[in-house]
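So, here come the structures, one by one.
Two complexes come next, and they have one chain in common, chain A, joined by chain B in the first and chain C in the second.
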Partner chain A sequence: MITIDPRSKLILIFITVLFSMLIPTGTFTCIWILLITLLGILLGRVRKTLRAAVLFAALWIVSVYVLPQLDGTAHTSLLVWLGLVFKCYPCCMLAGVIIGTTQISEFMAAMAKWNVPREVVIPLAIMFRYFPALKEDWGHIKDAMALRGISFSPLYFFKNPSVVIDALYLPILVTASKTADELSASAITRGIENPTRRTSRLDIKFRLIDGAVVLIFLITIVVAVIGTSSGQLMEKAH
Partner chain B sequence: MNIDFENVSFSYSGRESGALKDLNLKIRHGEFVLLVGESGCGKTTITRMLNGLIPGFYNGKLEGTISIDGRTISDYKTYELASMVGSVFQNPKTQFFNVDTDSEITFGLENAGTPQKKINAILDKVTEELDLETLRGKDIFKLSGGEKQKIAFASVYASGPDLYLMDEPSANLDSVGIEGLKECLEKIKSEGKTVVIAEHRLYYLTQLVDRVICLKNGRIEREINGDEFRAISVNSLNHMGLRTNQFFKTRVKAEKGFRKITLDEKISLQDLSIDYGKIRVLNKLNHDFYKGKVCCVTGRNGVGKSTLLRAMSGFIKGSEGSIEQNGKTLSSKELKKKAFMVMQDVNYQLFADSVMNECLLGTETKSEDFAEKVLEEFGLLEFRNLHPNTLSGGQKQRLAIAVSLMMDKEILLFDEPTSGLDYKNMRLCANFMKRLSDMNKIIIVVSHDEEFIDYCSDEIYQLS
Partner chain C sequence: MYNDKKKLNAKDLIITGVFAVLFLMAVMIGGGPFASIPTLTFYFPIGAAVLAGPIFMLYIAKVPKVGALAIIGAVECILGTLTGMHWGLNFGILISSIIASFIAGSKKFENPMFNLIAYIVYSLGPMGTYFVFFFNRESWVSFMLKKGTEQEYIDKMSEVATPLMMITMIVGTIIVATLSGLLGLRLMRKQFIKAGLAA
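The block that comes next holds the complex of A and B.
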């Protein structure tokens, strides 16, 4: 089990975005997912990380074995869909790992060290905090809809789209604005607007392990860039 | 901390309730002041002025001067007030900013830029003084309401303010949670801190208060000193629209006699057990719920009351046993058709753009005339064209009940219907329970509110 600085995590996200932009989907995508899986497990988020990795593997198998069997529209639409999923998967999975293993206060303190202005950090922090609240709200709203005989099944939605949308829209809007208001009010009374530099109860600093993790990701992306471009050169030569 | 309100008036922009009119109030250092009155009387407004949320966060027209220790409050920045004034709010769900308990307790200190070593020293000290060992390093979302409120208190306590403001801190707590809250309050009182608390439930504060301020429509109607408050009778409190100042527990009502049960129809739990994953939440429950009888389900937080309601609404299936009606097992699909739950936060279940449309949504057979009759019954007819969101808490709740009647539901389930309701609305709610039972509904109410249970229950079903 390791812990790394929230800033290293941001650097990893940045490298992964670069990876998705530069490297075409292929063997390196699998290697990248493997790296993220290892990182997730080392950071202590074992189950959800493994689940995400298994899902990726399943989709990959579909693309290798099922896709070639199809033709026509089914082939094209699955190809496009999978292409999109594989492009986004590394970033989304890493984001999941990072959000799941970073405490809000830790994130805020790290941002303070980078002198990121509060106007940027506070909305981000509130967003972090809002996800679990939304998850809770979502469960209640689903129950409330069921009580009125409104279901979430695709069939019901197809028959009465406006009813489902209305039934989601008002409660989500009302509870979200109430939650946001109460959260902000409580944060203000706790001095979140204080211009003094924020401190943290945790040690927020780069350690050896941060360097090691970032280096591994960097080396892999460099290898991937060289690997794919030399591959392309070889093809051109042929 | 000495507080002085001089001719203070305030009105929120865009709404009438909660306004204050020409308020004059002095609070001495170390005083324990209780603010009481109906919803919308302005008690919350007073607390918001003291923590700087008015006028900074809630807009409106403010007149007069408020001073803290002789200095006008508007001269303070919100973050300066943050270290002097600690606020605990009503809703434990939305007043924490972090997801883990440790970060939450130290959040205020971190904002103020306290050095790391000192933060951790204070964290340990607070843990010891408030007895929080078992709550350290936990996911706040997984705590009970009482535990959340304890963390909220600890996080304020850690910053060491001189003034504590509390806005209905007991609204979502059971009696054990309230007991914990009371201990915290005793502690700060003994430390000589100033406390201003706005509440509907009064019994747990009786021994602590130095002065009770009764507000009505934004004005101070009456001031009662602590000894006078301790001696006052429950009747005269009720007469003033206030709840009891005495701790009391409803008696098990077997001897009181049920109202006559006209039909021998019932819903029965037969050895009902429910598991969440590997954990057994409810174990072999057997109970009969009769038509025309209000049954209150009580028991500590986490004992499975909400789970029982969810099972009776057909959301979750029992892992063993069954729910039967007159000897026939009801499937979860049938339960969904027969049952309706009025949730604790009723905002989740109002979907339509007007009160009338809310009634008609999801009903195919009922006419507008019938809806009018139902709305009249619940005193909502005059609001028929208003947006449900503009109604007060009590009115929203009654609208949800009206919806259940529109849908011909025969089992009505209520989850903490009186949390946050004042005395008047609590009594109204109790009366509606009785009226629903006269309509021969099966009524099952989960509640911690002993006064409410005493007013409306025909039967108490204690889970343990």
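The block that comes next holds the complex of A and C.
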């Protein structure tokens, strides 16, 4: 088990975004997913990371073995869809690992060290905090409305849209705005409005392990860039 | 306590965070299915405008300050950049949300008509990427190819991209945004104000 600085996690995200921008989908995507899987396991998020990796492997197998069998429209749309998924998968998987393993206070402390303005940090921190809460609220509302026989399926929606709006859409908005009020009450009580520089009991600094992890990712992306560009040169030479 | 009427305080920022999640969910549920299918990708702004109207109205009623919408735009811009969206989309959203905040802010966020117009302007934001596509197709294609979007996706997109499609997209988005915004205003009147959510 290791812990790394939230700032190095952000650097990893940037490297991964660069990776998806520069490197076409191929062997290197698999290697990158492997790296992220290892990182996730080392950070102590074993089960969900493994699940995501297995899902990726399944999609990859589909793209390698099933896709060539198809032709026509099915082939094109599946190819395009898979292409999009493979493009986004590394970023999303890494983001999942990072959000799952970073405490909000850690994140805020690290951002304070980088002097990021409060106007950006607070909404971002709240977003990470609120995504799971929204999912939970949504589950509760759906359960409650299922008792009344109201579902969110498109068919039901086209039959009586006003009921769906009143019974499912409104409660989400109302709970969200109530949650916002409660969150801000609790945050203000804990002194988020203090205008002086934020201090933290957490010891946030770059360590050897941060350097090692970032270096591994950097080396991989450099190798990938060199590998793909030399591959393209080879193709041109032929 | 900081009761400055113009500046954003911590409470506003937290409400902004929560509503940014709602905006994102609305775009993902409404527009996501369109974005991944190449022949339908031009309808993405329309889909994205379907759900967000009531969220928009409630948000500007809760935080009636000019900077608030701009921060929503900035947060979406950052997240879009991190997930590798086209820069036209990100900055389109940022610019349109800033314009929208000034339109609604000119009447102190109280005039329903101006709020509606602001929402329409906000909904036009995601089109930034398609404007780039129409006016400078070469650079758009090379940018997306460099990013690794499949050639076939772009071919499919070019096939259906005609000036007519552009007009459909803009008009469709304006119509859908108007309907969604009107729904939002109606919900404001009927529910939120009565429930005491928005003063």
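Note that in this section the second predicted complex is superposed on the first by the 222 of 238 C-alpha atoms of A that agree within 3 Å, B and C clash if a C-alpha of one lies under 4 Å from a C-alpha of the other, contacts with A are read in each partner's own complex, and residues count from 1 in each chain.
Everything that follows uses one rule, which is that a residue touches a chain if its C-beta (ideal position, glycine included) is under 8 Å from a C-beta of that chain, and two chains touch if they have at least 3 such contacts.
Because the structure is a prediction, the values reported are computed rather than measured.
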Partner chain in contact with A:A187 - chain B first, chain C second, else both or neither: both
Partner chain(s) touched by A:S177 [first = chain B, second = chain C, both, neither]: second
Partner chain in contact with A:R201 - chain B first, chain C second, else both or neither: first
Which superposed partner A:L79 touches (first chain B, second chain C, both, neither): second
Which superposed partner A:M21 touches (first chain B, second chain C, both, neither): second
Partner chain in contact with A:L124 - chain B first, chain C second, else both or neither: second
Partner chain(s) touched by A:L147 [first = chain B, second = chain C, both, neither]: first
Common interface positions of chain A, toward chain B and toward chain C: 125, 129, 170, 174, 178-179, 183-184, 187-188, 192-193
Chain A-touching residues of chain C, taken from the complex the two chains share: 1-2, 8-11, 13-22, 24-25, 36-38, 51, 54-55, 58, 62, 67, 71, 74-75, 78, 81-84, 146-150, 152-153, 156, 183, 187, 191-192, 195, 197
Chain A to chain C touching residues, read off their complex: 13, 17, 20-25, 76-77, 79-81, 83-84, 87-88, 91-92, 95, 118-120, 122-127, 129-131, 134, 165, 169-170, 172-174, 176-181, 183-184, 187-188, 192-193
Parts of chain B lying in touch with chain A, wherever the complex brings them together: 51-53, 56-57, 77-79, 81-83, 85-87, 89, 91, 93-100, 102-103, 106-116, 119-120, 123, 141, 155-156, 159, 310, 313-315, 336, 339-341, 343, 345, 347-353, 361-362, 388-389, 403, 407
Touching residues (chain side chain A, partner chain B) in the complex: 103-106, 108-109, 125, 129, 132-133, 136-137, 140-141, 143-150, 163, 166-167, 170-171, 174-175, 178-179, 182-203
